[in-house]
Every structure is written in C-alpha cells, then in structure tokens.
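In what follows, structures are represented as structure tokens.
Across the two complexes that follow, subunit A remains constant while its partner is subunit B and subsequently subunit C.
Here is the complex of A and B:
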C-alpha cells in the first residue's frame, strides 16, 4: 500500500503541475490541424433515420470560419440546392422555387436535411479558443489511441453549447470524440471522429458521426470524400448572386 | 279550483310578486348558464374535432407518440389504400386524409429574396374532390376575410393577420420552407387565393392551408398522410360508437410490431378532451342542482314570510271548517302555478339573452388560450330544445319545495285556540 502511494502521488503531482500539456496548447494544436485559410471538400452525408438511411452528397467551399458555400449534388430532389454562410447569416437557395430564403432565429436550431446536425452547428465554427476556456481533466485510451480529455466551458454568451468534453489524440492532435452539453448539464450531442489521415501536412479526420442524443435514429455519418486546403477560391462564390448561378 | 287559485295569485300581488321575481331570475340564470356552458363545450369539442382530432383519428403508432410535434417523417404511407379499406369497413363515417405540418412562410421581395417571414402552422386538406366537406368542416368559407377558396392546385389560404403583417395581397406569392417526409428541405411556392381569420389565436398568428395533393408534393409525401380523420356522417360525436370502432380497428393490427402500423384514437383520447366531454354532458344537471338548491332556500324563506302574513287567512279558513290537508294542498297548487309563471317568464328572458349570443357570441381574445386544447376566441351560447324546458325544473321544484317546507306550519295550528288567536 505504501509503495502504491509512493508511485501514485508523484504521478498526480506531475500531471497537475505541468507534465500533461496545457489545455490551451492542445486546443491550439488541434486548431492548426482543423483550421485552414480555406478549404474545398466533397462530402457524403449518410442519415440513419427511422424510415431507413439516405445519402446526400455536396461540395463545400469555405474561407476561414466566416464564409462558406455549399452546393448539394444528390439526391435529385436536393440537387442544385445551395447554402451560403457569411459571418453569422445563412441563406438557402432552392432551384425548384427559384427562391433565396434567409434562415434566422430559432429556425437555426432545426435539423439540416433531417440529419443530426442543426444549422446552428454549421454556423458556429468559430475557433474553439475564442469561444471556450479549456482545462485538461485526464487522459484516456480511446480505440487504442492515447487521448487527452479536455473540458471546455463557454466564455461567450452566444456559444451553441455551454460545455464540451473533448478527447484529443495525444499524438496527432485531432479530436476523436466530443460530448456537447446544454447549460443544465444535459448531453445534447455526441460526435465521433475517425479515418484520420495526413493531408497536405496536417492530420485531419475524414469521417464524423454526429448523434443528436435527444432524437431517435442511428445518427448521421459525415464523410469527406475529397479535401483540398488553401485553394484559389473565387470571391464571387461568397455572394448571394452566386446562389442562383 | 285552479282558476280560483290563479285569480288569487293575480289579484294578491303580495302573495306572488316576490316568488315570481325570484323564480324568474333563477330560471333566467339557469337557462342562460346552461346555454352558455353548452355552447362553450360544444364549440370547443367541435373545433377540436374539425381541426385536429376528428371523431376518430388514425395515425402511425410512431406519429401518435409525438403527435404534438407534427412528425410527418413518421406519417402513414399508402394512405389512399387505407382510406379505401376504411370506407368499405366503416361506411358510417366519412374518412379524410390530412397533413398537418409546420414550416416557415417566406415572403419574397421583387428580387426573390426574403422580405419577411414567420413560422406557420399548415394544413393540407381536400379542397378539390367532388363533394368534399373539408372546407365547410373547418368553416373556411365563413372565415375568409378577403379573396376566395383555392380554385386550382398551387393556391393557398393564409391567415389574415400574417397577410396584414407582411402586406401580402391576393395573387401574391409566398414560399413554404419546411421538412419533407424523409427529412430533406421542402420548398414550394404558393399563390395566395385568400386570407382567413378563424378566431383562434394559435391559428390566426400564422397559418397556411393548401390542398392535400399540394402538401404531398411539397413535403415529398406521395400517397402518404400524417393523419386520417373519421367523422360520423350525422356530424354528432358518439363516444360509445367511437370506442367500438377503435377497439375493432386496433384489433386488426394488434399482432403487428411495425412502429408505422396504423393506430386509431377517438376524440376522447386526444388533446385532454375526455374531462371536457364528461363536464359537457353533466353541465345541465350541475346548473339545475345549483339553482334548485339556492332558490329553494330563498323561496322557503319567502314562504315562511308569506305564511306569517297569511296567518290570519289560514286561521279563518280552518275556523270555517277547511281541512289542514286541503289548505296545504291549495298552497302547493298555488306554488306550482307561481313556479310555472316564474319559469315561463325566466325561460323567455333566458332565451331572449341566449339567442343573440348564439348568433354573435362574446369575444374573449387571447385570454382563453392554453394547454393542448384548441379554444375559440369567440364564445357562443347554444340554444337547443333543452333550453325551452330546463328552467322549469328548478322553477317548479324550488317553489314547491320552498312552500312545502314553509307550509308545514299549517299542521301546527291548534283549532282549539283559533278564535283566541283571531281575537274574535
């Protein structure tokens, strides 16, 4: 017993006073992997609903965390639908009605295409270090990989989630799992990130499974089939005029 | 003798005026109150049946679990075939498909971009089938403030308040943005054919009513319906019949484990209407009981006062050889006559007040909203055959009871001391 105590106390001491990397340092490294000047990717979103699953494909162009343009490619009913995000505003264009509709207010909390993602989830991609204060609360092994467990607490009023718990790959600095909580402590969503690959010198998870914990169904699988960073994206794409083209 | 007693009542105002007045007021309140509560409960039940619950409603089991959220992703598929089967199996009801949905109603500017928008509750109902009763059932023709019923696919009715708020005119376009049955984005343009006002706050704030085929197309619900409503052909809800129907229908699907198997609920089972139905059925009895009790106490007291005033009269009649029993009987007959006069007057006054209220109603605005029950803003009385006789029950019973109690004093008179009492 005495020997165990001799081993454990120094370990706890070392963990508490600096051997484990600082949470903000971890987050910074995560953002270096996840953020980029701009990004172009093609994706497949597989939604497992109560009536079965369906797959939606899309191409997305994004610049930093402020501008994003998505064109849905399939299925036929959704093909040609476009979504434009500028700062904190969101517009959707429907070719069937030739209408551009602005999404705002509590509609932002609605599901996108019946998935486990809300418009708000898509909108709120500010840097985590800007929105949350972080602390390291432990280390765990997740799917055979060592992870740092971070607890993120919102430091701004308009954060979509009040608290997040994040498991970060200790070697590649990519989040492997996230639990998102409401102010009252209720678990709202869980994301599992996998298929981590090195693309253009950075580690990046190509598959993300979103699960709205308040909804029935098997969750939403988001797979990036092609990703390119720091491309030449024409500026006109991030205008409302581009929606109708 | 009745003629003789009637003359006595008419000529001796002291004997009849106060009781007639008391009975008239009591009967007036009974008739008006009974019509009022009948009207409120009937309107509430009709509104809920016609807009939401039907007399019976069929949904998928999964939809029924979350019916308040209008979960059209859990709607009934192959609804057309199910309706045909229902028409064959239960021809005593009219079966209609409905889609109740929520969405964003967006008003475009000249460039086709958002000029204004608001959340709306939507209905897809049968506007165009020959002989459809759906517009009448939802009182749509009577609720149109401007414009007309949709005449062709692609036309819609919207709530007048919403139209006013965003300056939408007849012939303008609005876009419905919502979710399809499979979770996709639903976009559909509609031409505004008319604006409606139902007198129900929840609907008048924002509503869109379109033909069911338009709703099916917009929400990707081919041959699907959120709800199938059944209405008894005589228009009257029969709880016992509905229960029999529900038991029979649900037994057919008992062995199925599919969460999308159909499930029938009756009106009582929805929106917390069970208690209201029970109250509606007993309201006349409650009113009669209250007024019989209250008026009997007043009239007992009046009878006692009358007995004191007529002390000498009864004494003389006893002295002249009239039997106590006979005097008591004439007193009761007299009370029946007074009760009848008061009841006629009270019923006439009650009907005079209830009939205009049946036509025009009283508006309580948004003060009456609450719960899952749909409440009309304008409350109306309902004058049924019952209103013509219901007042006679408290009118006659309370008067007879009051006089029967106070008249017992006659039997306490001792003939031996009558002349002494009368100071003869």
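Here is the complex of A and C:
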C-alpha cells in the first residue's frame, strides 16, 4: 500500500503540473491579446474622487507600446488637451495656454487629470515577458471565471514594480485582475479588468478600474467605448507639430 | 555763533508752529531708526538661523545639484571619496542625501522631499539625535510647518512611497520621531528627515550623498567632484530679499520725512515773506546777504536738532522697549518661504543712529537753504521798508 502511494502521488502531481500551461506561455498569450500593431479607441475615464465623480472622454491612437496620441474631447475644461508619448518622452498641449510642455522628472509622478493613474504608469511600455519571470502559483475562480494566478518577479533591475500578481482568464487569456507590489511587499496598485469582448478575433477587456491602494477614493474607471485594431494611422500624428493642430 | 543764537531765539518765538514742525520731524526720525532696526534685526536673525540650521560654514554640492530644480535631484548624488569620508569622520562635514517621494497622510497623496542626515551630526542644529533607530521602525523628523500641513504629530505613522536608484517603487510606514520648530522654511516645508543610512538603503545608494554641509572647522574648498558653495553664495537670496524690504520701507519713511521737511520748507517761505524788515535791518547793520541766508538756514537746521532731542526723549525708551520685547509678526508671515522668526528683535546700531541723524540734519538744512536763497536777491532798502518783493 505504501509502495502504491509512493508511485501514485508523484504521478498525480506530474499530471496536474502537466495540465497547467507554463506561466511564461500564459504571459505570451496575454500579450498577444493585449498588444497589436496599432489601435484606435475612444474612451471614458470616470474618476471617483472624495467630492464625487467626473468623466473625461478621449480618443487615442497608438502604435505598439511606444507611440501614442490622445486628444481629450470632454468636459469643456479638458477638451482640446492633447498628449503625445514617443518612447520615453511625454508632451502635453493645453489649448487654454496654447503651450506644449514636456512632462519629465517629478511631474511624471503627478496624476493624469486627477485620476489614480500617474504619467509614469503610462510611460511603462516594456513587454511583461521582457521585464518579469512568471510563475503559476495557483488557480482561482474570479467573477465566475477560472483563472490562473501568476506571480511575476522582476528579472531586471529597473522594473517599476518588483512583483506583480496577475489573475489570467484560463480560457480567454486576458488578465482579469492585477496587483502591483512595492519592493518591500506593500500592495501599491490594483487593476480590475472586465467587460471582455471578442474584437477582430482577439479577446480584449473594455473596462479597467485602476486603484491606487495607498490613496483614499473609489479609483478610476477606464471604459473603452470603441476599439479598432490595425488601422491606417497617419504618421504625422506622432509628431509634436500635431499637438497644436 | 550769532546765527545759532538768533536761530534758537526766532524759532522758539514761533511757538506752536515750531512745536508742530519738530514733532513731525522727530516722529520721522524715530520711525526711520525703528524700521531700519527691525530690518537689521531680521537680517541678523535670519542669517544666524540659516547658518545654524541649514548651511553651516558652507556646503559642498554635487555638480548637478540645483536646489531650485527638483528635476536635478534624481541624478545629483555620488559616493563619498576616501578623503571626503575622512573629513566626515573628523566632523568637518556632514553628508545629506536628497530624494523625491510621495507621502500619504490621511489617504491623500502629497509630493515630499526625503532628506537623509546622520543622527550623530553636530554641525546643524536639526535635532537629528531623534533619528536614532527605534523598535525596528524608521524614525522621521518633520518641521512644524510640515506637521501642520500634513496634520501629523510625534508618534504618528506616515506612509511614504518612493522609487529607488533603478526606478523601482517601494513603500513603507515611518514613525514621526519628533517635530522641530525653526525659522528656516527651506528645511521644513514639504520635507521629511530620515536617518542617512536608512535612506541610502531605501534608495539603493550605499555611501552616497547629494551635498555635504561644512562645519566651523572645515578649511577646504572644492573636493572633487563636490563644488564648494560659500556662506555668501548660499545667503545671496536672503540678502536680496532683505535689500528689497529695506528699499520698500525707505519709500514709506521717505514719505514721512518729506511731509516733515515740507512743513519746514513752508515755515521758511513764510518767515522770509513776513520778516523782510528784519532781513533789511540785518543787512543795514552790516551783515552780508549770505550771512543773512546763513541765519535762516541755521534756523531750519535747528528744527532738526530740536526734533532729534525730542525724538531721543520719547524714542529712546520706546526703541529700547521694542528691542527688548521684540515685534510679533502675524502667524502667516512665517509661511512666506523665507527665514523669518515669529518675533523679530530690532537691532539699533550706533552707525544706524548716526546715519539717521546726519540724514535728518542734512535734509532739514537743504530744505531751509532753498527758500533762504531768495534773501540774496532782496533789495535792502525795499526790505527795510517792508515792501513785498
């Protein structure tokens, strides 16, 4: 009986281990879903502050992870504000002052339009597989969907977050939740992704809630109202000159 | 001598009018001394506090460090060379490491500057001894302005988040080990002081500093790659502010002085108009016209001398009292971003009093001389007859 147990338990363990896909494979599939050659989307950003909430709408054009151009459409106070990101540089054009300013240094730590997102969060554009080594640490059911729980540990010195924990939909390979941790282990930010839709053959979450866990408030809800992948985006949009047009 | 005797006799004879002139001029005299005394007192106190609390005998800056440019903080740090480290151990220098971070008091985010200082340093007056390690928690020291701003007190916990040298986020709670009260806002507002070694570990910058503060015994200048900034360089902004305050105050007491001098000028014009017979008599008795001009000019100067005497009579105890109890400033004044104590003790130097006496006497003499010049053009015969010219 003892001998049987010795043979069966490792076999069961190997069987179970063999069923769960490799964590790096999961991460690759997630990136295939989440990234594209380019994308054009319209979005609503709902910021839940201490004194209520406000909604900002915008249209964004992005090429890969390195270039993006956003024009804010409403409310009137923000309408016409444009943001251009090229590699690790970021500029903002304000129509009220007719000035373009580069966001750098400590300004990158400021929140984007009062949301829970900072400019530097937007600047982090490296692929997860380049920065982190992944490990599957379990499976959980999240909002009725089976998920693989991945633990991502930085394999480079200059990763913004030393550790991440990601819940990936086991069927659609889309992250449904992500926790970002400080080097010392403190939970810093939480992202909840939902309203996953199939668009042009890929699964994509249209609603993302960002929450800075160190701050009070209800977080920031980011809803994509219209998404198009692999469009013809004119190259001039990704120039500083386009900000003033 | 005759001119002075006559002048005294004449102006005392003018009675109440003379008293009014002297009273106004003496008031201007006392106000000038008081105002300059306050500015000098502020200057002295601000320089002393800034030296004791912030700049020491000078500072050695990392070449890219610019205190007014937060963007420079990220890269302005370097390890200490053996020579510099030896000076630190001798107590000639104390290193300070600076970094940007975010603090989360009461769940709101606020940008802060983290400053690491050696708890055992003796160069600056900051009570860094409170930063000795306690119960495994990192102690933090904040100024009273910062404490008011983030509503924290000794013993409270404050969550801070920062990025290390490589840009990786980290966060922890520090314990407020003490709240210090000082008049130098540049080491207080928006700043959190931490033990140097803790901050070096937090930022992954072992043995590094952004600047070094020199003590009294520091004799060197630049120490590669550190650039020496002297006291004069570091106090230049404060000097400019005080100069501009002095200039602004000069306009106010200048106006007061002008009013007093106008009164003397008017009195002189009236005297020359009404005392034509007297002027004619002086000339008839053998005085030259310029001697008569002299008598009238001295009369004006005597106003200033009497004003100084009157000013000394009530001003001396008043100024002595203000120097003793100081002048309390409104609470908001200490948040102006410049070194300013809650109470300023005016300093009345001998030079200040002498300069003010010279100013008042000279100005009165000039305004008395201007109308008296007319006497030189008077026809003595017509003057004797009292004919208006």
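FYI, the second predicted complex is superposed on the first by the 230 of 245 C-alpha atoms of A that agree within 3 Å, B and C clash if a C-alpha of one lies under 4 Å from a C-alpha of the other, contacts with A are read in each partner's own complex, and residues count from 1 in each chain.
The rule we apply is simple: a contact is a pair of C-beta atoms (placed from the backbone, for glycine too) under 8 Å apart; a residue touches a chain by one contact, two chains touch by 3 or more.
Model, not experiment: these values are computed from the prediction.
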item	value
Overlay on subunit A: subunit C relative to subunit B, clash or fit	clash
Subunit B versus subunit C as contact partner of A:54, first or second or both or neither	first
Which of subunit B and subunit C A:161 touches, first, second, both or neither	second
First (subunit B), second (subunit C), both or neither touched by A:101	first
Which of subunit B and subunit C A:201 touches, first, second, both or neither	neither
Overlapping segment of subunit B (options 78-86, 240-248, 330-338 or 366-374) - the one that collides with subunit C in the superposed model	366-374
Footprint overlap on subunit A, where subunit B in one structure and subunit C in the other make contact	111
Contact footprint of subunit A on subunit C as seen in their complex	70-71, 73-74, 100, 102, 104, 106-109, 111, 159, 161, 163-164, 166-172
Parts of subunit B lying in touch with subunit A, wherever the complex brings them together	62, 73-74, 104, 106, 108, 112-114, 117, 119, 175, 177, 179-185, 187-189, 220, 259-260
Touching residues (chain side subunit A, partner subunit C) in the complex	104-106, 109, 111, 154, 157-162, 180, 182-184, 186, 188, 212, 214-217
For the subunit A and subunit B complex, residues of the former touching the latter	47, 49-51, 54, 56, 75, 77-78, 81, 92, 94, 96-102, 107, 110-111, 113-115, 240
